[in-house]
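Multiple structures are listed underneath, in structure tokens.
What follows is chain A paired twice: with chain B in the first complex and chain C in the second.
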Partner chain A sequence: MAKTVILKIKRQESPKAAARWEEFELTWKPGMNVISAMMEIAANPVTRDGKTTTPIAYDSNCLEEVCGSCAMLINGRARMACSALVDKLDQPIRVEPFSKFPIVRDLAVDRSVIFENLKAVKAWVPVDGTYDLGSGLRIYPTEQEEAYPISRCISCCCCMEACPQFNEDTGFVGAATIAQVRLFNQHPTGKALKHERLQALMGDGGIQECGFAQNCVQVCPKDIPLTKAIADTGREVIKQAIKDFFRG
Partner chain B sequence: MASVASPVARGVPPIRAGQGHSFLLRRLHSLSGIIPIGAFLLEHFISNAFATNGPRAYADQVKFLTGLPFVPILETVGIYIPLLYHALYGFYIWFRGESNVSDYPWAGNFMYAAQRWTGGIAFIYIAWHTYTMRFSGIHLLTNSQAAFHKVQMELQSPWAGAFYVIGITAASWHFAYGIYLFCAKWGITVSETSRKWMGRVCLVLALTLITIGWVTMAAFFKPQWKNIPEKLPPEQSVERSVH
Partner chain C sequence: MAINPKIIVIGGGLAGLAATIKIAEAGGHVDLFSIVPVKRSHSVCAQGGINAAKNLKGEGDTTWQHFDDTIYGGDFLANQPPVKAMCDSAPAIIDLLDRMGVTFNRTTEGLLDFRRFGGTLFNRTAFAGATTGQQLLYALDEQVRRYESEGRVTKFEHWEFLSAVLDTNRVCRGICAMELRSMEVRTFPAEAIIMATGGIGAIFGKSTNSVVCTGSAQSALYQQGCFYANGEFIQVHPTCIPGEDKLRLMSESARGEGGRVWVPRTKGDKRDWKSIPESERWYFLEEWYPKYGNLVPRDVATRAIHKVVFENDLGIDGQPMVYLDLTHIDRETLNRKLEGILEIYEKFVGDDPRDVPMKIFPGMHYTMGGLWVDFNQSTNIKGIFAAGECEYGYHGANRLGANSLVSCIYGGFVAGPQAVLYAKNNIKSSAGATSTVFDAERKRQEEANAGLLSSNGTENPFRLWRELGELMTRNCTVIRYNKNLQQTDAKLVEFLERFNHINLSDKSQWANTSFVFTRQLYNMLQLSRVIAQGAALRDESRGAHYKPDFPDRDDKNFLKTTKAYFAPDADEPRFEFEPVDISLLPPRPRRYDMAK
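For the complex of A and B:
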């Protein structure tokens, strides 16, 4: 008998429908990952007990861990499905949507909150204008080395899903956005908005909600030094708060 | 973007930039744990360790502390108010977090949960300890020489003794890891290396405080200081029994 792979997938028809589990058994193939397994289910959507079902809905795009789309809970942990190799997972492989984001359908969740957060902290370099602003300031290699790891963020939201402080009560902004503040505050042109970003992080749900459980840095698929970014930004936010109070 | 019409209608809300005072309140919580509460905890461990020098030395230390000027104000402003604030805001933080150690069983995450439990245990212990030592029984503010006797009597109950051991351990742990968290959140230990070292320093601090606490407790069970009366006998006879 051919080697098989068993997947237990949590499904939900619509945002308000009840969730249910479906089990699938697939023929093992070398190099299989969770996305490729779900592609096979889409080609033949039949559950383990022979019931015909619908293909599974999920977000995905690049399939090489750089787009950030296919983040989900695999065996209970937040990670990218495309880089979750079946051979390295305990079976049956439990696949669930993120638990802290509104479900659109099946494994597809609405992660707009991170974009709202990035907008709130102005995570960009302000270069828009009606005339030519000329060339930017020089960025030295040492600064570049600090910035590059943070710039790899793919907005997958794994850091937020795994964070015990990220929930509806706290409305915590999450590690990714704090790290982007760190990135753009370091940029010679991005610096122009430094105080606005730091002030935004003082609002409710800001950097103060961090409990330093350090799950973010562990789950980050891009190995971003998130705890370092939080500590660094934490200091800058306090300095900004003191400056705001004494200097106005 | 998937849902342009109403970006975040459900789920975790985005950051409320420019709104609320939680930044100030949370930072005050963090700071109050170091100063004055942490500073008081250290003073309290050191002062009580005078018991290891005998009933007379213990009484003298209590006399010194109770003889400080403005004691009621020092107690209220330096201890009661910050401690209550730190504890109540701490419970508020605890209940709003969603610990997930079973899904992410990693050291930092475990310590996150432990910080909440040790804080809760320490709070219950401190409430009981303050009631029994400060607000009931012999009034030590006006009767400092009865200090050794009072603690010794209390520790006669094995339940009280066990509660002391648990309370001392929880408070020491909470304080030591609190320093680690303070340094990380206020941006003192930014690098991975500095945080690793701070972790070690805090571990040593926790173990030191726990040891001091237990050794201090043991002093009340030493045979030469058995059944110390409420009123200490004339100075010489007690001093001699020390050596």
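For the complex of A and C:
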């Protein structure tokens, strides 16, 4: 008999519906990943025990781990489904939606909080306008090499899902947003908003909620030095807080 | 006169965001629609870089040279004035992106670094590691977020464009869109709309494009009366990593940094690559094109690989694959300049390309064709503009590497202000359009949805899509024969008939992704006919369009833009041809086996 792949997928028809599990058995193909497995299911939506079902709802777009869409829990780990190669996973492969974000349907969750956070910390360079103002400021390779890894953050929210402090009680902003603060505060023009960004990270849900569990850096699909970014930014926040206190 | 016009932008990739920023800057308000959160748009996939003749390498590069390379690379099919304007604007666009904080690679002096890309002899491509598109998109996304927080942009993410709302004079008054969770269909008024809906990769099943790149929006507008131009020009990228779910791009920058394409000289050579001595490796691109070597334009490299694999039968292990070899370059350089793309290969294939040559094959990558626009990015329907890959303006018969990012941003920068100008000059605002046209369009779309949900046939939309992809890839990509193209169109008619017997296994009314996909599939089928018939009509070879039966470029008969329009009564495309504006550069033969 042909080699097969077994997946157990957590389904939920709507935010209010009850969750259930469905099991699928698919013909193995070389190079298969969790997304291609779900594409197979869409083309033939039948469970392992022969029941007709519906295609799985999930977010996806680039399938190259650069758009940040297809984040989910695969065998309990927060990761991108497109780069989850079936051959490297224990079976049955357990596929679930993120647990800390509102469910939309099946594996699709609402992660708009990350974009709200980026707004709150003003994660942008305040340029004067888009008209031609000549070259930007010089940036040396050492500075570029420090900034580039952080600029690769895909807003997938894996770091937030894996963080023990990211929950409704703390309202913690999460590692990804803190790293972006670090990125923009280093930029020669981005610096102009440094003060406001650091202030946004003070208080409830701010950077002090971090418990240094280091889960974020372990699950980050882009290997962003998140703990370093948090430590560096943490120091800046304290400095700023002291300054603000004396200026008070 | 509308002082602060409201413009709708559809699509949040580079072109859409560029247009949005310009409109907000001019004091307009933008409703920005996108299927995915805009930060997740397909522009993130662009890897290698963005072209601009900044001439920072002492090579004497000029924007005229960039223009010449672009027109020549596109085999003289592009209208020249807009291309020239784009190339002239490119250096300032790079400066702007630099000021916005894009983490471009740098020289020791802290200036922008440039690399060489295909179809040029100049180091003209600025890059941010191997994730340039991602970095550029984020820079624009951040500026749009800034405008959003100031209330000048309202985002409608997880909304899909269904159609334009046209008044009785066939002027666009807004759009009809569907929320992808609640499935609510709603109309939105605007004084002008800008389409920035990207590529059409899904028509070919597996491609390098993202899932949302179905061409559905362009097709919907074509069916409403927009011209669709040069649809037959499809770029097949020479170096892709074959995959089950998609073809992943291996950037041209791999060759720009010195990557070499080769196959064993002997047919059926079973040896491991390492045991094949240099003399027994065939670097066919370097041999055939000594001047450009591995950096010939994409269509040339793609056909060469096809020839080596299918005619010389020299694919690795008899498979349709050739080596793309970086192992002669030291790890440190590779990590600094190409880490992002090497990581992709490592992650999705499992081998480390620093140690082992990559195995690659051509895959569908880009559409040079798209919505017809004039030099102000306006389609033939008043009030509808277009920018980015969804329009046809800048690349002629073949796009040069690293020209897509610049054409997206430049196109958006033109479309935004032009839409504002149009809105300001249009005395009758959308408020003046009667509500009847909005209600009628919403009803038309709701009825289409209801029809699809109640369809009770036997056709699975995903299986039909697979068949479409295989058909189009086989007959409408690298090599084209009229007989096959005619059979393809007949098959597409059959697919459209089968579409009437679709059966959705999911008929629910909440976040029904297969329903949404099936809607797109219909539009893909309609647009496929434009591609197949357009290719059949063009009896010549030009750029990416290659017919062995007509191997030469035929300027006398085909130095023309193909314009397809939809004949609603016949439910099929009709064609007319328009002369190309060659006012700046007289056409000359395009050859890469020697210097231009």
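The rule we apply is simple: the second predicted complex is superposed on the first by the 239 of 248 C-alpha atoms of A that agree within 3 Å, B and C clash if a C-alpha of one lies under 4 Å from a C-alpha of the other, contacts with A are read in each partner's own complex, and residues count from 1 in each chain.
FYI, a residue touches a chain if its C-beta (ideal position, glycine included) is under 8 Å from a C-beta of that chain, and two chains touch if they have at least 3 such contacts.
Since the model is a prediction, treat every value here as computed from it, not as a measurement.
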| item | value |
| --- | --- |
| Partner chain in contact with A:T47 - chain B first, chain C second, else both or neither | neither |
| First (chain B), second (chain C), both or neither touched by A:A200 | first |
| Contacts of A:Q165 with chain B and chain C, given as first, second, both or neither | first |
| Touched partner set for A:F115, first chain B, second chain C, both or neither | both |
| Partner chain(s) touched by A:P55 [first = chain B, second = chain C, both, neither] | second |
| Which superposed partner A:A123 touches (first chain B, second chain C, both, neither) | second |
| Chain B and chain C contact sites that coincide on chain A, given as residue numbers | 104, 112, 115 |
| Interface residues, chain C side, partner chain A - complex | 21-22, 25, 36-37, 39-42, 44-45, 92, 95-96, 98-101, 103-112, 128-129, 131, 134-135, 138-139, 142-143, 145-146, 148-149, 157, 181, 210-212, 242-246, 248-249, 340, 344, 347-350, 413, 460, 462-463, 466, 505-506, 508, 510-514 |
| Footprint of chain B on chain A - complex, ascending | 15, 76-77, 100-102, 104, 110, 112-113, 115-117, 120-121, 160, 162, 164-173, 177, 199-215, 218-219, 225, 227-228, 230-238, 241 |
| Chain B - residues contacting chain A, complex | 1-3, 7-20, 22-24, 26-27, 93, 96-100, 103-104, 106-109, 111-112, 115, 181, 184-192, 195 |
| Of chain A, residues touching chain C in the complex | 13-14, 29-33, 35-36, 39, 42-45, 52-55, 57-69, 82-83, 85, 104-105, 108, 112, 115, 118-119, 122-127, 129-130, 132-136, 138-141, 143-144, 147-148, 151-152, 154-155, 184, 187, 189-190 |
